[in-house]
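Note that chain A is present in both complexes that follow, paired respectively with chain B and with chain C.
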Partner chain A sequence: MSELVLKNICKEYENGFKAVDNFSLEIKDKEFLIFVGPSGCGKSTTLRMIAGLEEITTGELWIDNQFANYLDSQERELSMVFQSYALYPNMTVYDNIAFSLQVRKLGKQEIDKRVQEVARLLGLEKLLQQRPKDLSGGQRQRVAIGNAIIREPKVLLMDEPLSNLDAKLRGQMRVELAELHKRLGNTIIYVTHDQTEAMTLGTRIVVMKDGIIQQIDAPKNLYENPINLFVAGFIGFPMMNMIKARIMIHEEMAYSQRGRSAYAENEMFYVFEKNRIQVTGYVKEVLLEKDYRGQDVIIGIRPEHISDRPTMNATQRITGEVIGRELLGSEIILYFSILDMQLSARVEATSTAQVGDKMDFFLETDHFCVFDEKTEENLMYH
Partner chain B sequence: MKKEKSNIKKMRIEPYMFLIPSFLVFGVFLFFPFFKTIYLSLYKTNKMGQAKLFVGLDNYTTLFKSASFYNSLLVTLIFVAIVVIGSMALGLVTAMLCNKTFPGIRFFSTAFALPMAIASSSAAMIFKIMLHPSVGIINKLLGTSINWVHDPKYALVCVALLTAWLNSGINFLYFSAGLSNIDETIYERASVDGANGVQQFFRLTLPGLAPIMFYTLVVNIIQAFQSFGQVKILTEGGPGESTNLIVYSIYRDAFFNYRFGSAAAQSVILFIIIMVLTLVMFRIERKGVKY
Partner chain C sequence: MDNSISFEKLASFTEEEREAFHEQMKERQISKQRMRKGIRVVINIVVALFVLLPLLYAISVSLMPSGELYTLELNLLPKNPTLRNFADAIAKVPLVRFVVNSFLVAGLITFGQIISCSLAAFSFSFLDFKGKNALFMLVMATMMIPGEATIISNYLTVSGFGWLDSYQVLIIPYLTSAMGIFLFRQFYLSFPISLYESAKIDGCSNLRFIVGILLPLTKAAIGAMAVYTFINAWNMYLWPLLVTGSNTMRTVQIGIGMLDSDESQSIILMIAGVVMIILPSLSIFIVGQKQLIRGMFQGAVKG
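Presenting the complex of A and B:
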C-alpha cells in the first residue's frame, strides 16, 4: 500500500520566486501519475519536495498516512531516477544497482540474487562489471532504473528519465517503462515536458503551468475535455487549431447584413472575417445558456475533426490553401492557411491534396471546444 | 635536393634550440648544485666548503655508524607522518566545510587557504610566543604550564602540528578543486537511496577525490621532508636531538660543524629516500586507483 497526499503545497525559493503554488493532489496505490508542463513550470520542484530534496515552504505532505514534511530523504523509502541519472562514477554497474541495498546492510547473497534479477529484467547482465562512463545513454538509463526498482520502493519518482535519449530509443523505452509498471505494480510519479510521453504512459496526468495545476485527468479526458486553452494547446499533436471568432445569432447577423435575411431565425454562427460556421446541438445550447451572443471566443478544433471530404458529421465548410503535407504512414497531416491563420487537418492517406491547392475542408462542429477569450476557460468543459 | 636536406636538418635542430634557455636555468640552479652535492659527499672539506681530500664513501659509512643519524631518520619519519596525515585531514575537512555555499563563505575560504601565504618562519615566531611556558596563550587556555618546545615529549608534536597547519592551506585548495569536480546530484541520489553522511563520505566523496588525493599525498610528503624554517626558529633541533630532522641536521653539519662532506652525504640520502618513496607511490597508483 502506498498513498501520497499533497495538501496545498507551495514552494518559494530563497530568492522569493514562487515555483509551486497551492499544489493539492492525492496519489493512489499503483498509479502511473504524470506531471507534465512546459520547462520551468515547477514539475521537478514538486517531485524533489516529495523526495525530500527540497524543503516544503507551506502545505502538507503525507506518505501512507504519515506526516512527511520533515522526514529526511533517507526515511521516506522512495526511490528516484534523476534526469542526469546521477550514476556513481567510481562504482561498477553492479554496485550502482546494489547501492541502496548495500547501505541497508542486506546480506551479500540476498543482494546478489536481487541484482541478478534486476539485471535480467533490464538486460544488463553482461554489463555488471562496467563503469558508467563506458555505457551508452540507454544503458545508463537502465542502470538508473535498476537502482531505483531493486529496493521495491513504495513510490518510484522519475524526473524526465527519457529526455537524454534519442527519439528512437525514447519510443522503445516508453514501451518498456509501461511494461515495467505493469509487472512491478508500484506507484510511479513521472515528470516530463513531452505530452506524447505523458499521454502514452500515464493513468492520470497532472498538467501544470507556472507552478499551478491546470487539470488532473486521465489521458483520454484530458484530450477530449480540456479545462482551458493552455491544456488544450499543450496536449495533442499536431496542436489543436485555434480560431478567434465571434458568436452571432440570426438577428445580429441580419443586422450586419443590412436587412438581407438569408438565414433562418435563431440560427447561431461562429464568424471570423467572411467565414461563417454554424453552431448546432449541445454547443449551441451551452452558448445560449451562458449567453455568449455577440461575444468573442476562441474555437478549438482538433486536426482529426477537420476532413478533406464531407461526411456525416463533417458538414460545415471552410476554404483554405494547402501549405504543407506530412505523411505519417496511415494518415496525412495537411497544413493549410486561411486568412492569416495556419491550421492542420488529419486526413486519410488516400488524400490527393498537394501543396498549393485551394480546397474545401469540412468541420465536425460537434467536437469543437469553445474558449472564453478573456478567461481562456473551455465553455464546453464538463 | 641539397636544399631539402638542409631544410630537414634545420627542422631537427630548431626545437632543441627553444629548450636551451630553460636548460640553462635548470643547469645553473638545479643540475650544477645537484652534481656538486654528490661530488662534495665524496670529499672532506675545509671551512669554506671546498673539497680538499677525496675519501670515497667514508662520509656515508660514518653516517651509517652514527646513532645521531638514525635518530634524525626516525624523527623525520614521525614528523612526516604527523604532518602529512594532519595537513591532509585538515585540508579535507576545511574543503568539505566550504563545499556548500553559505553566508560568509568567502571569509572562511580565505582563512582556510591563508596558511599557504604565511612564511613558515614568521608563523613559527608567532607560535613561539603562543607556546611560551608562562605568558603563552596556549597554556593560559589549557590552564597548564607546559614548556611545549623545550620538553622532548611535546617539541616534535608541536613543530609537526604547526607544519601540518601551514601545509593545510594548499591542501584546502586541492581538495576544494577535487570536490567541485564531484557531481552534486550523486549525493541527492545517495540520500534518496538511503545512504547516511558517513556512507556518502566513504563511498562517494573519498573515491571521488582519489585522483587528486594521490598527487596531494606526493606533494605533501615531499614538502614535509623539506620543512626547515619552523624547526630552526621554534626548537633548533632540540631539546637534545628530539626535533633534529634530516634537513636541520644537514644545516647544522654544514654551517655549525663545517662538515660539508657529511652534510652533502645526508642530502644525497634524503634525495634517495624521497625519490624511492615517490616512485613507489607512482607504482602503487598505477595499479590501484581506477577512475
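Presenting the complex of A and C:
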C-alpha cells in the first residue's frame, strides 16, 4: 500500500517567486500519475518536494498516513529516476543497480539475488559488468530504472526520464514503461512536458501552469472535456483550433431577398465576420441557460472534427485557403487560413488539396468546446 | 606540375596515367606536411633550449671540476666531467637527511590538504547552509594576504606552543589552503548535482558519497592539486628557515643555503646541491604534468 496526500502545498523562494501554489492532490495506490505542463510550471519542483530534495514552504505531505514534511529523502522510502539518468560513472552496472541495497548493508547473497531479478526484468543480464559510459541511451535509462526499483520503493518518481532519448527509442521505452508498471504495480509519479507521453502512460494526469493545478483527470476526459483554454490548447496535437466568435440569436424569422426563409425563429449562430455556424442541441441549451446571447466567445475544435467533405456529423461549412500540407502517412494535416486565423484539419490521405487551394471545410459542431473570452473557462465543462 | 587540372583532362587519362597522377598529388601533400612539421619542431627546439638554458648550464657546471669554472674562457660544457661536486656537497651538509625531511613534510602537507580542501569544497558546493557565501568569501579573502605578512604572528603562536624545530611546526600550519578549496570547489560545481541527489535518495551518507563517488570521479582534480601542493611545499623557504634550527629538522631548501657559507664560498658546490634537489620536484612534475594540465583546465570548460 502506498498512498500520498498533498495538502495545500506551496513552494516560495526567498526572492518571493511562487513556484508551486496551493497544490492539493491525493494519489492512490498503484496509480500512474503524470504531472504535465510547459517548462517552469512547477511540476519538477513538486516532484522534488515529494522526494525531499526541496523544502516544502507551507502545506502538508503525507506518505502512507505518515507526516513526511520533515523526513529525510531516504526515510521517505521513495526512489527517483532522473532526466540525466544519474548513474555513477565509476561503478559497473551491477553496482549501480545494487548501490541502494549496499548502502543499506544487505547481505551479499540477497543483493545478488535481487540484482539478477531486476536485470532479467529489464533485459540487462549481459551488461552487468559494463560501465555506464559503454552503454547506449536506452540501456542507461534501464539501469537508472533498475537502480530505482530494486529496493521496492513505496513510490517511484520519474523526472522527464525519456527526454534525453531519440524519438524512436522514446516510443519504445514508453511501451516498456507502461508494461513495467503493469507488472510491478508500483505507484508512479511521472513528470513530463510531452503531452504524448502524458496521454499514453498516465492513468491520471495533472495539468499545471504557473505553479497552479489546472485540471486533474483521466487522459480521455482531459482530451474531450478540458476545463479551460490552456488545457484544451496544451493537450492534443496538432493543437485545438481556436476561433473567436460572437453568439448571435435570431428571435424573429428573417427572409432573404428572394423570399425564402434565411433563418428560422430562435436559431443560434456563432458569427465571425461573414461566417455563420449554427448552434444546436446541448451546446445551444447551455449557452441559452448561461445567457451568452450577443457575447464574444472562443470556440475550440479539434483538427479531427474538421473534414474536407460533408458527412452526417460535419455539416457546417466554412471556406479557407490551404497554407500548409503535412503528410503523416495514413492521414494528412491541412493547415488553412480563414480571416487572420490559422486552423488545421486532419483529413484522409486521399485528399488532393494543394497549398494555395481555396476549399470548403465542414465542422462537426457536436464536438465544439466553447470558452468564455475573459475567464477562458470551458462553458461546456461537465 | 600545376595543381589545377581540368576535369575533362582527368577523364581522358588512361588508367595508368590516372594512377600516376594520384600518386604524384599524394606525394606532394605528404612533403608539404613534412615541411610544416619540420619547421614546427625546429622552432620548438630553439624555444626549449632558450627556456632550459639556465637549468642545462647548472647541470653542466655541477659536473665541472672547480678549476674549469674560474677561467677567462667561456666553458659551456665540462671538459673533464666529474661527480666529485655531488659527493663534496653531500659530505659538507647532511643533504640526504634534508631530502628525507622535505619528502616527509611535503608529502604530509599534500595528503592533508587534499583531505581538508576536498571536504571544505564539498560543503561549499553541495550543502546548503546559512552564510555559505559569506564564509566562502572569507576563505577566498585569505588568499589576498601574503604569507609573509602573518609570518611573525604565526611564529609567536607556534613558539608559544613550544613547537619550534619539530615536524609538526613545518606541517600543521599548511594543512589547508584557500587555493585548494577554490580549485576543488570549481571542480565540484561542474559535477552533476543529480548524482548527489540520486545518492541521497538511495540512502547514501555524505561521507560515503565523498569517498565512494565524488573522489573517484575527481581524480584529475586531486592529481593537479597534489602536484601543485607538493611542489609548493617542497620549495618552501622562509617558514622552515624561521622555525627550524637543527640539522635534523631542516629541509633541502635551507640545506642549499647552508652550502653558501662566508668562509668557503663555492658556487660549484651550491649548484651541485641545487641540481640534486631539483630532481625530485622535476620528476614529480614530469610524472604528474598530464594530470596537472588536465586538472587545471577540466573545471574551466564543460565536457
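The definition used in the following text is that the second predicted complex is superposed on the first by the 370 of 382 C-alpha atoms of A that agree within 3 Å, B and C clash if a C-alpha of one lies under 4 Å from a C-alpha of the other, contacts with A are read in each partner's own complex, and residues count from 1 in each chain.
The rule we apply is simple: a contact is a pair of C-beta atoms (placed from the backbone, for glycine too) under 8 Å apart; a residue touches a chain by one contact, two chains touch by 3 or more.
Every value quoted in this text rests on a predicted model; they were computed, and no experiment measured them.
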item: Room on chain A for both chain B and chain C (clash or fit); value: clash
item: Touching partner for A:61 - first (chain B), second (chain C), both, neither; value: neither
item: First (chain B), second (chain C), both or neither touched by A:363; value: neither
item: Contacts of A:99 with chain B and chain C, given as first, second, both or neither; value: both
item: Chain B versus chain C as contact partner of A:74, first or second or both or neither; value: both
item: First, second, both or neither for A:213, with chain B first and chain C second; value: neither
item: Which of chain B and chain C A:227 touches, first, second, both or neither; value: neither
item: Chain B versus chain C as contact partner of A:188, first or second or both or neither; value: neither
item: Partner chain in contact with A:89 - chain B first, chain C second, else both or neither; value: both
item: Of chain B and chain C, the chain that contacts the larger number of chain A residues; value: B
item: Interface residues of chain A shared between complexes with chain B and chain C; value: 51-53, 73-74, 78-80, 82, 84, 86, 88-90, 99-100, 103-104, 147
item: Residues of chain A touching chain C in the complex; value: 51-53, 73-74, 78-80, 82-84, 86, 88-90, 99-100, 103-104, 147
item: Chain B-touching residues of chain A, taken from the complex the two chains share; value: 51-53, 72-74, 76-80, 82, 84, 86-91, 99-100, 103-104, 131, 147, 151, 157
item: Chain A-touching residues of chain B, taken from the complex the two chains share; value: 183, 185-186, 188-196, 199, 203-204, 207-208, 210, 290-291
item: Touching residues (chain side chain C, partner chain A) in the complex; value: 192, 194-195, 197-205, 208, 213, 216-217
